[in-house]
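Think of it as A, B, C and D in the order they're written, each chain with its own count starting at 1.
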Amino acid sequence: MPVLNDEVPDDDDFDAARVRGEFDGITPEDFVRGSDNGNPPGWLPAVRIDRLRREVPLVYVEVVPVRCDDLGRISEVGSLVRVRDNGSVERTLVKGRLLFHETIREALARNIGKDLGEIALPVIPPSLQPFTVAEFFPTPGISRFYDPRQHAVALCYVVVISGDCKPQDSSLDVQWCAIASPEFRTFLNQMDDGQDEIVRRALSWTGAGE
Amino acid sequence: MPVLNDEVPDDDDFDAARVRGEFDGITPEDFVRGSDNGNPPGWLPAVRIDRLRREVPLVYVEVVPVRCDDLGRISEVGSLVRVRDNGSVERTLVKGRLLFHETIREALARNIGKDLGEIALPVIPPSLQPFTVAEFFPTPGISRFYDPRQHAVALCYVVVISGDCKPQDSSLDVQWCAIASPEFRTFLNQMDDGQDEIVRRALSWTGAGE
Amino acid sequence: MPVLNDEVPDDDDFDAARVRGEFDGITPEDFVRGSDNGNPPGWLPAVRIDRLRREVPLVYVEVVPVRCDDLGRISEVGSLVRVRDNGSVERTLVKGRLLFHETIREALARNIGKDLGEIALPVIPPSLQPFTVAEFFPTPGISRFYDPRQHAVALCYVVVISGDCKPQDSSLDVQWCAIASPEFRTFLNQMDDGQDEIVRRALSWTGAGE
Amino acid sequence: MPVLNDEVPDDDDFDAARVRGEFDGITPEDFVRGSDNGNPPGWLPAVRIDRLRREVPLVYVEVVPVRCDDLGRISEVGSLVRVRDNGSVERTLVKGRLLFHETIREALARNIGKDLGEIALPVIPPSLQPFTVAEFFPTPGISRFYDPRQHAVALCYVVVISGDCKPQDSSLDVQWCAIASPEFRTFLNQMDDGQDEIVRRALSWTGAGE
């Protein structure tokens, strides 16, 4: 899985690649396994994506990782613990941008692999009907979801994780919290910008605590 | 898993059990593991259930068993092959009545175990929102779903089967069919009374063939 | 719309009607408009239904009535205010049992008409996929939903009400509450047996407060 | 409703407006009613959007307009008849791009107004959970949905139309077809690039022909 390095301004390489037609023979597997160039097709350099973020809504997939019992009842919700650029710690869900020419299923597999590791054994749901669509705006107060960088439309899915998770490059830890535990409220409160609301909607939709 | 024997007219035992209060201490596990009496709580003798079938709509769970690839795309749909009372052969989905005091999740686990065996390793979905509700009427033409015995409301779920299936007592075989194969149309046509429509709705809802 | 009088023990008339084949020519309209006999087909006398309530799960439809703005955002949730048999007052949603041979859509129209009046102008949703399925058990603690009388499976729908509502025979009042108002929490707390949870799931599913 | 004129290359005006901070005070109403400048905020000139179409997936809303009976059963599906740039005629659904800083509900209202007129009286659904997400790729064969111009992710909704429709600037006609009529198959076949599949999924999801 290639590291997505937003700092590399290889704008010319990118256009050159396009001109050479390297985007023509893309197969779905390219997005999951990555290409040989170190960055997958559909990836954009930092200067380009920064401008796009102010011009069009970007598509994201957002995953609520869950562990379930044999009857499919959610027992635990997973999260990533990360260090922000300013040094503070944040708790987030698994989330990533849908790349050009990537399918939603590929984006789900890629981002879960990138954040939870290659042996997480996710059960990507048979249906792509999202349980909710979270609209993130760069202006606070438009919706419950806020993203200072951009307008993003996140398709949200609950994904059962049946394997082992380990933190990847960008994370300090993968932490699970039992939804019936007294700590769960704190766990949710540590999520910013509406991600707690996404978890609440997920649990409500699944009828957790039936 | 106890055999549900609709022919046993143990009406008196049943009422006696009720009088003795044996229904009071029911736990969810009883429905999945069964009780010691050979029939689970909530089971009804044949003479009783036959009358009920003409008085109230009965709740059913109906399962479209599927095998998926790593990205969650459905590759195959499963079915049971059974011999009807009149000797003809029928192809059906996994289906069963919700018993008194049984949860929907327990009914899903119980019926999948009863029809596909104990090592089918089903991934019962985290959400109980059914992809469709099939209304079976004893009168042909009211809906696409027909059941000469009764008015039944079937909550329909797609369930990923990750283990091995083997036919149980009541079935000749468990057969899978690739949805991309030329035989799939025949496979659907061999399902009666609207069960093919349930599979079509399931595939449509999942976006199969995305 | 006939009054459903659960106290009339016309058991023999009911069986006689069945013997005479009066249930054969039922059309969907019968359930909505009612038959000439004072009770719709599918209705059961009190002694019969009381026994059924302890033998099989019964199917209910449950409606969260809402008023929306031009963009479909929920502004208000509706409720019924009723006097219980013991003289206390309760706040409930629109709810009713699915009758034998009645379709879900007919049950929705019949119960909305019965509780909100004939000029409520409900927009019954094009899809019958319920936003949640509430499992009511006669044993407290099995689920969030409790019904001392019976095991009931309620298919829950959000229905936009665009006309005028007036309380019918069985209700004191039809009351609406703005979801953004400070009173809304009290409004929810006045609902018993898990009906508040149904409203919460409805709002969560619709993304209210987007 | 301002005409969206993709041919006007007002790139400089656009950047100047951004520099002047005119995007800061945007209210949701701006997107529906339009601003004073002739083009709504979030609109992009042709040269800009053409480049974007090859760099990121764009978000679309896609509407299946339906007429229903009193019970919510779909009777007719609506469509637009348009002349393509090459002079041929096409049949399409109501569809449009989600603009920067526009909510999904605003995009639904704007596009329905733009295509069906201001007295169509759409009932925008209370829930934004789409019945399906259609992934349009510029490469044929990746999915059932093809768009030679771009990679687009279309959130698909069924919207009940209760008013009168009339063709707007860009359309020849608004045509309805009864789903039970023999012409319905032809009606679907006249839709290109997978739009017929979107209608089929909509009908399947709603249980049309229950």
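General observations
To be clear about the criterion, a contact is a pair of C-beta atoms (placed from the backbone, for glycine too) under 8 Å apart; a residue touches a chain by one contact, two chains touch by 3 or more.
A quick map from chain label to UniProt name: A, B, C, D = ADP-ribose pyrophosphatase.
Here the structure is a predicted model, which means the values were calculated and not measured.
The chains that touch both subunit A and subunit B are C, D. Looking across C-D, A-D or B-D, the interface that copies A-B in more than half of its residue contact pairs is found at C-D.
Here the spacing of subunit C and subunit D, counted between their Cα centres, is 36 Å. Separating the centre of subunit A from that of subunit C, both taken as means of CA atoms, is a distance of 40 Å. Subunit B and subunit C have CA centres that are 27 Å apart. Counting partner chains per residue, subunit C shows two or more touched chains at residues 103, 128-129, 131-133, 135, 143, 205, 207, 210. Viewed as a contact network, the protein chains are fully connected, with every chain touching every other. Those residues of subunit C that touch subunit B in the shared complex are 18, 24, 26, 28, 44, 48, 52, 54-59, 98-104, 128-133, 135, 137-139, 142-143, 151, 153, 155. By the touch criterion given at the top, residues 32, 66, 68, 70-74, 103, 105-106, 108-109, 123-129, 131, 158, 160, 205-207, 210 of subunit C touch subunit D in their complex. For subunit B in complex with subunit D, the residues that touch the partner chain are 132-133, 135, 143-144, 200-201, 204-205, 207, 209-210.
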